[in-house]
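Both complexes below contain chain A, partnered by chain B and then by chain C.
Presenting the complex of A and B:
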């Protein structure tokens, strides 16, 4: 009865501001509030009720309700409750009060909805462009429904440059990225360095936008999106895929069969295994310990092979659809999976024993990149970063999904909040994942793996879902829509929040610790940058002039459009 | 012409050729053994030769602040390393014996480091400057160590001559050679830094500052820097062997020569093993470490002065 309880608390405190509420289940609460009271409600939820901020969503709902929608999602982790505070904003004046002053974690999410949906934020502390590329004209907002998915603005200005802030006095600027040996993907940190110490930084990312949300809302269908969703990330494919499916299932009140839930859990844990092994390897590479980097990758490889045998893909792709999964585990595969786990367990025990006693690695990681409890709360940090700061949040336990309510496991925490603690947490979580997969294999009963969906999905329903990705909570928000596709689909990958904690983590640290501090959140820029438009400025400028690139992009866009039309017709 | 001079020049040239031939092989051995430690197959032993040839054949891109200086420094780096090679015994007594002494040797060793500094300075990018900042701090703490070891040997030998010092002179005292033993430990503990390998490859640290001073170099210039670095591994190993592991150097020709290169190989293998099992230190941690060693080294020099 937690959802009811929270709603009563809200009503008692801010009664007149609450227009209506919806409690689809005991773990989910939607509250529609007056736009004028949005900030007060969020402050009450975040500060007094001590909820954790998840993300903010903006939606263009003009053609359906005549207004824009803004939602701020929060989680009550101890009460197993996800909560969405929504408000409607008149189409004539798309402006809402910013909550970033009281909920600092909402900084990026609010700027994103300003960039993409065009809802102005009054009183935002840092209303700078976040997502749109530098040359994109002001006043054009790609996620509005009147903008087609392949729209290229005529007044796109190649010459326009991003205005960085002035560096503090006495500091030199060290550009970190967009290309750096330890960044697998482009992102730019402008570091302000005094000698060898980092005094601050400015982040400019979102360079590999692929317009995934826009595509889903305008071109794809419900069951195409899982295939697109898993391509948001090169590591947590299954995570995005399952989160999306669960959000739609929650909106449409569907329940996947039990065997499918077990299979989802198994695949999610396999993904955590290979992700954590990869991370430990990369972290060692960053501090120059390449031997363990190579060994971690060797130990990881069998996990990829078994994933290929199960899903047909080396990565855990192409498994989950709305209402279930596409492939079953055969008894032979189950045996093989158990063998892989047994070998992995022994090998990983040897590695953890060696690493956890290594003074050399401790020297480079202890007291480095510290994120304490306070930063975790203020920046909304999640996953191993939060758990390494002693904040025991884990969606598998707090917001159980798939088969996690039927298995037994520990949430690993560490006290210090530094890179070393994150290493310890991830190294130990590997054993918990092995434990979970074994229990799933033991408890799984035979049965159907897909739900038969006979009717069209209902329109205009809200669904939210959180899944514990290897890097932290992955959160999807869906409003179901017409034409067999969602009206709005918002993805919040874990790095989106954790990256916002990095400037505080690296401040006043040695420059040499920058890479390992950033690496310790296991940043995934493709997850963070999943959004709108192609950055026309990137690419080999010396070979292609920006105009040529623009032409090329337009030609491709038109070709893609016509082929999409053809396939629609056929 | 004086036959002594001819022998000197021929011997020096022989050393240069030997270093040029063997340095990439040592690098190849280092890579192969590293690969074995990491459960990899690794590149073939002669891969470094191909790498150098490939780099030498590439287009020479001028990408730094002062291209002329960059061209000069790339050549100077290898030249300094090879000149040093002329002063170091490699299976035979040092060829330039008499033409140079250990003071010159100390200067040349420092010049190798200064080339890296100049290279980074000439390139002038932010990361290069960060790299030379680190290199400079390392040099100040590190270079005295080798100088002290050589000086202690000179004090014991009572001479600055190369053949007198570079023949285990650090142990040349009656009784237990305390200063020599202490310096052996100190040099052993800092050897990775002299050959710029993990855990002390701080000034180049690829994953932090993207090769630092070398960042703007590619093609032939990079080949020269890389060649100089490979030569440095051989030359420092040879110096270490000559100064601290002199036993058997008096053996007749093929035996003494083979034994010497066997010692160098063992040193390279130790360097490889240490590099493969350590994480890189941060500059402040490394400096504190070097400072400690420096204090001990000065104490050893004082002991040497009192004849211990």
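Presenting the complex of A and C:
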């Protein structure tokens, strides 16, 4: 009923702009609007109807409908409704009005669709290149259907340099990333520092963009993609695996059997357990409290082992295929899982009893990296970051999937929005996950774990799915297609939104708090783009340019390779 | 109180004792269900190439030398041990072994090559029933993957090359 209600509200306000609408279920709404009214509709949905922005999607639909597609996805969390505002853009003039001025959270997603699909944005407040590498030629957009999956541009320009913004007056630039001892993934923050205070920053990421979406749309098949999807993330892979399967199932109107849904919930919660334990450990490591880092990892290990016993691998579960799951849980494994949970619960109680009273950690994390309710709304922050700011959003409750509508649990929130609150939220969520797994084990009925699929999947249907990953909402958008593979598959991982909140979180705080502020959402840092060598005898200083360094490194690499070859031959 | 919490934290650590495993001197046995390196059984294999068609990493190549001989080559370089090949195998000819320490200097150590005798289907030459439409053979007919350069070839031909290794019949499929 809610979907109907929202559509009526939209029609009453912006009637002529709405071309057609589709309500595939009570919890899902697709609205096709005129391109000229896209911004007004999004503004109304985001501001007046108070929806949460999820992501923007661009799709090259030219060979099927003759036009490009742009979609802006929103969530009505209280109404259990996911909504997609779509518009068709003529192939002759791929240009759309940017919504980033009214929906600031759409900044990255819009730049991504400009880079990858080549839909120009008019009126974007910061139209800088985001995803494509610096040397990639302009005007070539890899996600267009006429670009092959293994395309290598001839005019790739290795020499082209990234133009950084000018730092504000009186600030020094401190480069932060792509490599830094405390964080594991490459991302570059160019911090503007005044004394010890961070005044702002420029982010540069997407250094490990792997083109998984392109592969899925051109090479892989429906059931290959779940295996690839779970390799999107090194910690919460199962989440992508399940979200993708659910999105395709939603598009093709398939329903996984109940036992498969319980199994999905159990494995998702196991993943949350190991991810939260890992995060608490890493956060403690970042603030210099290595005892708990070690203990958190020790407590986490049995969770990895039981996952290995159930699925065959400790991390990449390979759980889902479309229409179900691949492996069942035997009674013996159920018992063992209960034992693991019981031990984990007592051990984690001991840890939280100690840590949540620890004043040293509190001093290091209270009032640090604050994200308030306003930032949560504007930047579209999600997951523990939003819940720690008192915004109780959780897809497991708001957009129930798998077996979450059949279990009881609390959504943990904390009021302050700082790193400490995030630590408290994550530490307490561990107990909720244990509770959920136990209920699933109790309620799980026997039966098939895979749906028998007799027909090919319908073509050109839309499907969206949101899953609460340990880091926040993970969202997938699928358009089903020909040749046993989706026509378009868009992945929005939780960090995509949360990273956009980091500049505001670190503003005006100590440089030393940068690591834990960034770490508290879960993403990276330290490199200089030059190297100095000092000749000890003469004391002469030589500054190496990036080109010289590259040459040197490559020469060494070739030398090493040829010496290896020689030893091989001998 | 911070002092009591420090004491409690110390207790958590002391209670745990030593947990580090004596690896690699004493490897921990892997569980029953473990997905390690897939092992291909040439005795059971019927050469349907379902594994090659459903390998997400595209690590299984198929070459039809002639009507009677099909070569199936598992490369194992990018193999993620996902076990899809063993799932879709109609003859259960692929088992996920317990091997996982497969690092090597010589990549051919992990290769597996099956030279299969194929009986001729009088109707179509090369056709096999898929388990579900989602596992359908995306490349039907004769396959000519590039074994020499270990490359998957994306187009499939329904007839043999003009000069097959063995003089053979030519059948059009589609």
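By our rule, the second predicted complex is superposed on the first by the 522 of 570 C-alpha atoms of A that agree within 3 Å, B and C clash if a C-alpha of one lies under 4 Å from a C-alpha of the other, contacts with A are read in each partner's own complex, and residues count from 1 in each chain.
The criterion applied here is as follows: a contact is a pair of C-beta atoms (placed from the backbone, for glycine too) under 8 Å apart; a residue touches a chain by one contact, two chains touch by 3 or more.
Because the structure is a prediction, the values reported are computed rather than measured.
K.L.:
Fit or clash for chain B plus chain C once both are placed on chain A?
P.N.:
Here chain B and chain C can both sit on chain A without a clash.
K.L.:
A:455 in the overlay: touching chain B, chain C, both, or neither? Say first, second, both or neither.
P.N.:
In the superposition, A:455 contacts chain C only.
K.L.:
In the overlaid three-chain picture, which partner chain does A:360 touch, first (chain B) or second (chain C), both, or neither?
P.N.:
both
K.L.:
Going by the contact rule set out at the top, does A:285 touch chain B (first), chain C (second), both, or neither?
P.N.:
Touch partner of A:285: chain B, not chain C.
K.L.:
Quick one: name whichever of chain B and chain C touches more residues of chain A.
P.N.:
Touching more residues of chain A than the other partner does is C.
K.L.:
Of the two partner chains, chain B (first) and chain C (second), which one does A:513 touch, if any: first, second, both, or neither?
P.N.:
A:513: touches chain B, not chain C.
K.L.:
With the two complexes superposed on chain A, say which partner A:224 touches: chain B (first), chain C (second), both, or neither.
P.N.:
It touches chain C, and chain B stays clear.
K.L.:
Where does A:298 make contact in the superposed view: on chain B (first), on chain C (second), on both, or on neither?
P.N.:
Touch partners of A:298: chain B and chain C.
K.L.:
Just to be sure I read the superposition right, which of the two partners does A:386 touch: chain B = first, chain C = second, or both, or neither?
P.N.:
Neither partner.
K.L.:
Looking at chain B versus chain C in the superposed three-chain picture, what is their shortest Cα distance in Å?
P.N.:
Shortest inter-chain C-alpha distance (chain B to chain C): 5 Å.
K.L.:
Where on chain A do the contacts with chain B and the contacts with chain C coincide?
P.N.:
Residues common to the chain A contacts of chain C and of chain B are 291, 294-295, 298, 358, 360, listed in rising order.
K.L.:
Could you pull out which chain C residues touch chain A in their complex?
P.N.:
1-2, 4-6, 8-13, 15-16, 19, 30-35, 53-56, 58, 80-84, 87, 96, 105, 132-136, 138, 154
K.L.:
What residues on chain B touch chain A, complex-wise?
P.N.:
Against chain A, the touching part of chain B is residues 34, 37-40, 126-127, 130, 133-134, 198-199, 201-202, 205-210, 276-285.
K.L.:
Considering only the defined contacts, which chain A positions touch chain B in the complex?
P.N.:
Against chain B, the touching part of chain A is residues 172-175, 180-182, 195-196, 284-291, 293-295, 298, 358, 360-361, 363-364, 510-515.
K.L.:
So in the complex, the part of chain A that touches chain C is made up of which residues?
P.N.:
Answer in residue numbers: 219-225, 227-228, 231, 291-292, 294-295, 298, 301, 305, 308-313, 316, 318, 321-322, 326-327, 347, 350-351, 353-355, 357-360, 452-457, 483-484, 568.
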